[in-house]
Amino acid sequence: MSKVEQIKEISGVNPLKCMKCGKCSASCPSFNEMDIKPHQFVTYVINDDVEALAESKSAWKCLSCFACIERCPRDVKPGKLIDAARQILIRQRGQEGLSPDEIPALLDEEMPQQLLMSAFRKYRR
Amino acid sequence: MRKIGVFVCHCGSNIAATVDVKKVVELALQEQGVVHAEDYPYMCSEAGQVRIAEAIKENKLEGIVVCSCSPRMHEATFRKCAERNGLNPYLVEIANIREHCSWIHKDMAEATEKAVILMRAAVAKVHLNAPLQAGESAVTKRALVIGGGIAGIQTAIDIADAGYKVDIVEKEPSIGGRMSQLDKTFPTLDCSACILTPKMVEAAAHENITIHTWSEVEKVSGFVGNFTVDIRKKARYVDMDKCTGCGICQEKCPSKKPLNEFNRGLNTRSAIYTPFAQAIPNVPVIDANACIKLNTGKCGICEKFCQAGAIDYTQKDEIITEQYGAIVVATGFDTIKLDKYGEYAYNESKDVITSLELERIMNAAGPTKGHLERLSDGKAPKEIVFIQCVGSRCSDDRGKPYCSKICCMYTAKHAMLIRDKYPDTNVTVFYIDVRTPGKNFDEFYRRAVEDYGVNYVKGQVGKVAPQPDGSLMVHGVDLLENKQILKKADMVVLATAIEPNPDVRKIATMLTASIDTNNFLTEAHPKLRPVESPTAGVFLSGVCQGPKDIPETVAQAGAAAVKVIGLLAKDKLKTNPCTAKADELRCNGCSQCANVCPYGAISYETRQVNDHGIREDRRIAVVNSALCQGCGACTVTCPSGAMDLQGFSNRQIIAEVDAICR
Amino acid sequence: MQELINKAKTLLESGEVARVLGWKKGEYEYDPEPAFFETSESLKDFVYNGFCGANLSKYMIEAGKKEGKTLVFLKPCDSYSYNQLLREHRVDREKAYIVGVGCKGKLAVSKIPFEGILNISGAEYPDAAETLTVETLYGTETIAYKDAMLERCHVCKGKEHVVYDELIGESADTVDADRFAEVERIEAMSPEEKFAFFQSELSKCIRCNACRNVCPACSCRKCVFDSTAFDSEQKANTTSFEEKMFHIIRAFHVAGRCTDCGECSRVCPQGIPLHLFNRKFIKDINALYGEYQAGSDLESKAPLTNFTTEDAEPGVGRG
Amino acid sequence: MPVTENWKPKIVAFCCNWCSYAGADLAGSSRLAYPADVKIIKVPCSCRVNPMFILRAFEKGADGVILCGCHPGDCHYSTGNYYARRRMTLLFSMLDYLGVEEGRTRVEWVSAAEGVKFSETMNSFVEKVRALGPNVRLGDLRCKN
């Protein structure tokens, strides 16, 4: 399966439904941190450039706050696309990811507990 | 064996590009009874019809099959052609090899095979077609218009001017509709009331027009030319004949709490009220929910002050029954509810308003007497943000999938008027696309940008956040600059999607008129019959058929009127001969068919029959062919097969089934 | 039984009725048949016993065409059929004098598993015995009355007559089975098993039309299987349409009208449990559209000529 | 009958004149493809469809039969589809009872505006019937092997 097919399957999103209204970008709290803006995600998928999306800063700047998913009037849900890009990356890495045993060493005082918990919830599937 | 002719249309390349028409002709000739078959580029053309005519004469055809587009398109054409050439029009069958075949299949072999099968089914059926004669029914020369907005008024005036009686049924206390709520109209900026009220007066004064306001359609029965309609005239509690419209009752009424619907609930009105000053009829109604007298028995102030003695607390709803030949639906629209759009804070902040509310605010008769001010604190807004496409073009369940069509233009109008009247107020419009097809429309929009300095930003707003200081933080984006925008505004105006009046579904059901998933009434043909419903005798005027602006509405209203006039001008209508018929020798008289007939078209009589020499009195079902609409419900409920439907008989359908499964 | 004969005699002799519709002795004890009696003398052949399962209501259609009133004996379950015919305007109530007779469950000779039956005693009415004594060529056998009863009596509709002018005799409670158990058993099968079951049952059919001819709901003047209305007139027993679909179509035509009188199964010479078709419809109707008993009254709307806007969609909740 | 590569199901679709036939026309004018196996028979109303027609189709070799009508409440004849709904509910239940796979029968309400739904319905129905393979059961109900 091509990357494009993969990303469509994981996300369940049809990027062609996007009408380029930009509501996602208007809603995104990480907009300024991102190199590829939420409303541009679909273009990368349509142009068969999932690589660039998966390697972008945006992939890791998305907070999964779901504002774009909630508000998208076209059911495109850029947040799902970027999450799928992350999934593709994670699947490629396979077992190279962190194991729970390695985490304590990486912790510091500043790191909020909640971040850890949500990270576990999200990536331990 | 009947002599059948088969005519295969190329429809230019519409059919011929995917269906091997020669092959269809070749195989048609192998069908039983087919004595003539030919193909032609455009069977519906004059020359094509001449070929059919000649074939009928030369081959003495007793039935013809035309393999062409949908029967909904040209069945009537070919039937007329047959009739002109001495063949009963009901001996014509259409095999739909365009919509149901060539247009949806790509593979030529597959499409050709299917076209052949459809042809065979039609040939099998036409062998069993009976020559039918259409009956006649009289036309009641009176029209009903449901809805008294600009669409209904225009339709009524046009019909009335042609000399026919028209009744308008309007559920509000006054005619006028949405247009009466508007301040100015695009693209000419003339005052809405100034152009509407003369029309309202004209309708009211017209000798052929009867207006039933504060009334609703309760029940519809009958069929084209012969509708019977029950109209509920809601209790007004004011005698229409006595009231002089002086207005003192409204001034004196102590119950002033109800929200003013006409001003979109932005202020209140009295319990006895006329919705607006130019109301027609200028007779108030009493809001029974708010009236102190009607609820507690005490008060009666309006009665005391009414010098004409017009107040009548004892009035009851009244049902009147009228006959009509045609019905026009002109039920209009409303804006959608914004409860599902929490991100725009409509329910949170008084300063987030819909465009229709802005119309009322900018109107001199509105809640702020025409001053542009914030409803929260009465201050003049210095920074106004317009958000386009709120609820329009949405494929989720929060909004509507269609473009509401009018928003781009009225927003340009609002922006322009504000910049004109309050030059120190900044106006920003967040848009997805600006759509301005229409005469002088794009020029109008460009004037807003170029001459009035309205700031247009491409990008939908994500969120409107009310701030502690009373301002509104607009989270937007400029997609062309690829920048996020945080803009502090004093007022936000939402270009809210429009939807058909919610009552229309109920009305469509009563009329058995077809309606789409968005509650817009379906037209008989999207291009060629845009003002007719597929249900004969029912016509469409205004936004009930689809979003449109005032000029388009008026044009469609006139078009609907012409269709009505064309119908009412006839003394008799040909009735559908495809009605049910009972075979007296097979009928058991069991009454099951009458139980399912929606038209009450089946009755029973005791009749002497001669059943192969046995004479006896039997209870027999009899179908009134003027009432029967030909649905066929009775035919299936009849266990003995005595009841059959002409044109769609049991044997005809079974012949089609057999041909398809052959 | 004598009470019935007396009643018939009185009414015939007074001229109140022109004929009596009852059961006549057959060749054997166990094969009485429906018959009209027009004179007091002819009543000597009248019989009413456990083998008088035949439902007389359908004969009232013909009786209604004759001059004068007809006295008819209806068992409780027969009265539903009569009422259903009344609803459908097939019988003339004015021309019927209905005596509701008691019933202690009717017997099926096919359920008596002995060869060479000569005589059966114990089936007399009203004095039916717990056990039937069967004299055969090979000696005397016994069988419990219940064990020889028709399937329909095990799921009896009840002892009440829904229409009558007069009642004679007592009825017995015979219910000891669940009416829909067999239908449910089939519903629970896999499609392959269901098909195999019905294929094996229907393969026995010889298209003798006995089921149709006896059925009070199949009272059409001209049956679709005898007419050209659907290109479905009876043809040779080949693979033609009606051969395969006969029983399904018949069941559909009587759906909502069938009182579940069980005559179809009783008369089938091949022993096909035809009532299983009708009962499937009845079960579905009860479950989807509310409990309905055809013939129980004259006013209620029949399920197939009625609807609600909330009806189930086809295919929903199917096994 | 063995299922061959080239086997194509025979599908009969009964469509009411006012909604579903028009919906099929709309599917056509919108070029929304569905398999050519579907052949449409026009009836005035879904209530015109006699169970005999459906059984006839099966007997003559149809592999699937679908009935399309106006949405409940929108019938051109007010109530026709409500009767059709009851009739088909009972008929389909009976066919299921006889062991005919339920995927071979279907009722779908398709309005004149629902060209997309018409096409999608036909695609999914044909797919289901294809998966079931040739219909042998109803044809063979009486003939025990």
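A, B, C and D label the chains in the order they appear, each numbered from 1.
Note that a residue touches a chain if its C-beta (ideal position, glycine included) is under 8 Å from a C-beta of that chain, and two chains touch if they have at least 3 such contacts.
These numbers were taken from a predicted model, which means no experiment stands behind them.
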| remark: Note: of the two pairs B-D and B-C, more contacts are counted for B-D
| request: State, to the nearest whole Å, the distance from the C-alpha centre of chain B to the C-alpha centre of chain D. | output: 30
| note | CA centroids of chain A and chain C: separation to the nearest Å works out as 71
| Centroid spacing, where centroids are CA-atom means, of chain A and chain D in whole angstrom | 44
| request: Starting from the mean Cα coordinates of chain B and chain C, work out the distance between those two points in Å. | output: 54
| note | For chain B, residue numbers touching 2 or more other chains are 596, 637, 650, 654
| remark: The positions of chain C in contact with two or more other chains are 224, 230, 304-306
| note | Multi-chain contacts in chain A, i.e. residues touching at least two other chains, fall at none
| request: Mind listing each pair of touching chains for me? | output: A-B, B-C, B-D, C-D
| note | Note: in the complex, chain D contacts chain C through residues 50-52, 55-56, 59-60, 72-73, 79, 82-83, 85-102, 105-107, 137-144
| request: Could you pull out which chain B residues touch chain D in their complex? | output: 70-72, 96, 98-101, 103-107, 110-111, 113-114, 117-118, 121, 508-509, 512, 514-517, 522, 534-535, 578, 596, 598, 629-633, 635-637, 645, 648, 650, 653-654, 656-658, 660-662
| Where on chain D does chain B make contact in their complex? | 10, 12, 18-19, 21-22, 24-25, 27-29, 31-34, 36, 39-45, 47-53, 56-57, 60-62, 70, 73-80, 83, 87, 111-114, 119
| remark: Note: in the complex, chain A contacts chain B through residues 17, 19-28, 31-32, 37, 39, 67, 70-75
| said: Touching residues of chain B toward chain A in the complex: what are they? | reply: 343, 389, 393-396, 398-399, 432, 458-463, 475-477, 479, 482, 484-485
